[in-house]
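Structure in structure tokens, see below.
Chain lettering (A, B, C and D) follows the sequence in which the chains are written, and residue indices restart at 1 in each chain.
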Amino acid sequence: MLIKAGIIGATGYTGIELVRLLQQHPEVQLTQLVTESYVDQPISGVYPHLQQQVALKGSALDMNALVDSCDVVFIALPHGKAATLVPSLLKGGKKVIDLGADFRLRNSADYQQWYQQEAATEEIQAQAVYGLPEAGYREAIQKTFLLANPGCYPTAAILSALPALSAGIVSLEECIFDAKSGMSGAGRTLQLQNHFCEMTENFMAYQVGGIHRHTPEIEQELTKISQKPVLTQFTPHLLPIVRGLYMTAYFKLKQDLSAQEVHEIYQSFYQQETFVRLRELTNTPQIKHVRGSNYCDIGIHVDRRTQRLIVTTVIDNLIKGAAGQAVQNMNLMYNLPESLGLVSAGIYP
Amino acid sequence: MLIKAGIIGATGYTGIELVRLLQQHPEVQLTQLVTESYVDQPISGVYPHLQQQVALKGSALDMNALVDSCDVVFIALPHGKAATLVPSLLKGGKKVIDLGADFRLRNSADYQQWYQQEAATEEIQAQAVYGLPEAGYREAIQKTFLLANPGCYPTAAILSALPALSAGIVSLEECIFDAKSGMSGAGRTLQLQNHFCEMTENFMAYQVGGIHRHTPEIEQELTKISQKPVLTQFTPHLLPIVRGLYMTAYFKLKQDLSAQEVHEIYQSFYQQETFVRLRELTNTPQIKHVRGSNYCDIGIHVDRRTQRLIVTTVIDNLIKGAAGQAVQNMNLMYNLPESLGLVSAGIYP
Amino acid sequence: MLIKAGIIGATGYTGIELVRLLQQHPEVQLTQLVTESYVDQPISGVYPHLQQQVALKGSALDMNALVDSCDVVFIALPHGKAATLVPSLLKGGKKVIDLGADFRLRNSADYQQWYQQEAATEEIQAQAVYGLPEAGYREAIQKTFLLANPGCYPTAAILSALPALSAGIVSLEECIFDAKSGMSGAGRTLQLQNHFCEMTENFMAYQVGGIHRHTPEIEQELTKISQKPVLTQFTPHLLPIVRGLYMTAYFKLKQDLSAQEVHEIYQSFYQQETFVRLRELTNTPQIKHVRGSNYCDIGIHVDRRTQRLIVTTVIDNLIKGAAGQAVQNMNLMYNLPESLGLVSAGIYP
Amino acid sequence: MLIKAGIIGATGYTGIELVRLLQQHPEVQLTQLVTESYVDQPISGVYPHLQQQVALKGSALDMNALVDSCDVVFIALPHGKAATLVPSLLKGGKKVIDLGADFRLRNSADYQQWYQQEAATEEIQAQAVYGLPEAGYREAIQKTFLLANPGCYPTAAILSALPALSAGIVSLEECIFDAKSGMSGAGRTLQLQNHFCEMTENFMAYQVGGIHRHTPEIEQELTKISQKPVLTQFTPHLLPIVRGLYMTAYFKLKQDLSAQEVHEIYQSFYQQETFVRLRELTNTPQIKHVRGSNYCDIGIHVDRRTQRLIVTTVIDNLIKGAAGQAVQNMNLMYNLPESLGLVSAGIYP
């Protein structure tokens, strides 16, 4: 019997990517696409790429209807909203996958400080599992009913740092994440910044100086891995492309290691992972190699002059950085093969 | 048992898109990827988006090996080359799908005039079927061993004109096709024109004045439909995008019809077609709605002031305009469901 | 003594391009930059490319202040607004250059039909001169106080047709203008259509079927040249670029002329023009050749099979299609050299 | 009397940008445009944006002709070539501005190590002055006959670091330059990497790990400023845009300073500079604000949690990063106002 899935926030970019992925998923039946702006309109009218693919109309938020018609509910809303919806879904015995930030930070004080908003209750928060399977959460994900899907930047940052921090080969004081994201990460809401004429042939940093809300999420996970506090410098930039995220991570090596030696550490760490592809030595990944896929490609470089490890990491921010990772987590939560419905290569060129 | 498929010219943009589509096809096994430039190199090294997807290496052209290891051979080479390879493949009992121009023109004199090259022998040419299933070729395709896959521009031009010409509602003297193509249509070969800096923020017509080689192909098919000579004006332009083709077609209506009436003619003509999606009245298609899919979206507009029918048509030039259509034809040639392996929606945004 | 110039609507894309051009103009001093959104804010804060170039702040609309501080007032507002502002400026003895549509159509009924709005009074309308110097308006422009600056599409359409219609070599029944415009033509106002993610790697027609408001403007001028009614088919499209407009115009030749013969007609027509550059035979213009300049480049092609003349024309929609043409007209209105402040080449690549 | 200028390598992207700038320069007359590929062809045929602007044809390299017809010679060639041409130009009493790398490194051993090529003779090298006026070289530039125009990356890196290093407020051990460049920086030569389809919607790092040749140039200048060895980490990336360079520089503050305090240090350092524009506190520069201009815009950010200074810097790589800076240096070498011919704002949007 198919898993009945609903999506709250189905017509944003993340939501509609979930629609596309779940629609193709052999074990899922979409039952409810909740939207604020397009109630009772065919989703394929709003997004014509789905014509003849998706027959559902948008529906208004109705918690009873969701509980009745869904086994699992994905929430793709701005932060602060999921926290109020989750209790009744859990009470109804539903599994919940939240693609927002409301359950990612385990420390309520951190949430309140960075999001300027009341955190979820500790009781609810205690049930949440951080959904990055490659970071040691696989077993917990399989058991949880409340999944906190990671942010796009943290996914790339953590995957770039994991093997090095686990192996203890880099300093915890100098972890610099210089990140570049495609514009779909900023969503479909109209702003001057995502006006075509403003962004084409442009590039810029934003929220410079450690003030972006993904900073505490990255530090929480890196600290957990290292079992010691990690202080990071995370700087996001906007790329004039639609999809894709590039992370250039700088680490200070504690000992004089060759690129080859570090490469082996990464290879051994990720060898069982379907969705992490380590590029061969001296190769660097490109955004276009993963666009449209759930892959995370990683390149390893060492500068022996400066004794720094530089890790370059790419994901599609809407897939491995959001909707694809959510499906990967759903597969785990239902004991399905982790890559079911997610194995297609990206589109090139 | 899986269909064993080989590709000659596997590492151009059309070839590699075929690799991606056939790799995902449930009834196909790729056995030979013939390439000039990357013999003995892993294809996934040349095109890293295929890492962990395609294990094959490139191989040199070896007709015996192809005959031994393939049931069907796709040829994605510049025109003039397929004609020399096809006889031995047909003799070996193989099915052949040529994505080039060598077998598209039924009249050898036309081929010689437009391609400045000797045409295939009449014996071979007589076996070729033009592979546009929606244009009445379905039965012939099912029986043929030699499939001439249509050009990208003709696919869009013919699909935009078919119902109108079949119904006899437009003049045969004024068929203007103003076409705009993404840069992948020009292939991977390096030229000044496809230098990133030359083409970004640019747009241009080329081969203006009815001199593009797709002109006789379009006229051949429109003439066949109309059973009277059709003279067309076809002007190609280059768009600063990678994938997608937009056709704005102008026809003179012979009688005063409303948009609604023409829309019904098109709807009834295409209602059984999986891959043609007619947009609702007053809507116009966009390239992005079909990018990454095998769909052809069509919009219908009538200007009663001028008594003109304007049809706007979009395809992904690498899929419905090349590799996807080739797979659609292969499905027909093997009596598989026509859309097998081709039903996924495009990627948006 | 410098000409004191004010701009109403200074912070839209057309307005700010006027600021840039007038700021560099040796005979002009900018005195008033009227804006709705940025009153009392430094213009260089809103548009940082003008930092250290423009010291003025935005000011609210104050007709007395404008009359006091300006010799000439440019209006860059949505249609319908200029008509109410112009009378008091003319009464104050000021010259007015309107970049909107309010004074372009000489027939009030046309204006009301196409713009669904009351036209300017006939008294005011009678004073307006259509500001396309190359179309025979030069002397009238030199004398007028009210200049109706042409639309971007009509500028390209008329310049592509002028010599052919003047020479009477083409049919008046088949004038098809297939136009492609960069996104800056749609202005800075936020709409889903100009969201970066919606438009990148996209292309589409809009207002298909002769319903765009530039249609009557084009027909008015072509009819005037031909001294007989001209019926045109004008189809606008949106290009995924910021600046630039491409016009592919199709005309039916009344007699069998060679490309060379038509080229000579165009060359002789435009030989005195600074801003029209005829490309050599067989060459086609590209948008990038004029981006950032006031040039209009034109290519001539004849298809003798179909007896059609195809003219390809490019302009920068914000310069020759708007702000640059306005400055060219201002130069004429003040008996300055027509190209003063406008001679720089575009930026390439 | 006008300065007679010649350019060797006039038809690459840097060369042609020099042509455009010098053509508009009120004190310069272009006399020789030396090119390998386009001898005897009108330059405006090769680059049609210069039609009606530049009448010169390309000429073959002829040292005598250059000495006869030029006062100053600009060299825009790949490294290794200028070194052989310069002696005879200097002997002829000509001023030389080299836009390549041959005279930038004062230490011949460095040059040989990084460029794998014989350096210029010490006698010639001793005459060369590094042409970054803002870095304390103004007086030396005024006197020299041999100007080594800085690389694009070093220009941005040094300008971002200068005030901080001069004031001694940052550690010399952690200077990380994460650079992102538009594609015009890689020149017009055809490579797979600058194929439109490969680079559009893409982004990548290259030469990761401190191996790019601009590394020793950056370190040479920062070491000179600091009077102590500076070890930098420089990582270049390619942006899918044509022009513009973004530098995100990370420095470790030696003491706890506020953004305001650092901002004042930068403001005071650059207050006399025409071409450096410090953005107000909390603002970050964008590439589009300087595209088409000689400006360098700088933003200052401090993260007190990590005690890091983050400086974001933008230039147009072809102007302040190459041709514009060369003209700025020429102005100094001829005691002209430093900004002559360079004051226009960039083009926006």
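Heads up, the rule we're going with is that contacts are C-beta pairs under 8 Å (C-beta built on N, C-alpha and C of every residue); 3 or more make two chains touch, one makes a residue touch a chain.
Predicted model only: the values in this text are computed from it and were never measured.
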Contacts common to chain C and chain D (chain labels): A, B
Far-end chain from chain C, centres as C-alpha averages: A
Higher-contact pair (C-beta pairs counted), A-B versus B-D: A-B
Mean-CA-position distance for chain D and chain A (Å): 39
Chain B and chain D, separation of their C-alpha mean positions in angstrom: 46
Chain A-chain B separation of Cα centroids, rounded to whole Å: 37
Shared-contact residues (touching 2 or more other chains) in chain B: 13, 184, 197-198, 200-201, 240-243, 285-286, 288, 291, 349
Complex contact set, residues of chain A against chain B: 13, 16, 20, 23-24, 47-53, 184, 200-201, 242-243, 274, 277, 279, 283, 285-286, 288-293, 295, 297, 343-349
In the complex with chain D, residue positions of chain A that touch it: 174, 176, 178, 180, 197-198, 200-206, 208-211, 231-233, 235, 237, 239-244, 246, 248, 250, 259, 284-288, 291, 299, 301-303, 305-306, 308, 310, 312, 349
Chain C residues within the chain A interface of the complex: 13, 183-184, 188, 190-192, 194-201, 240-242
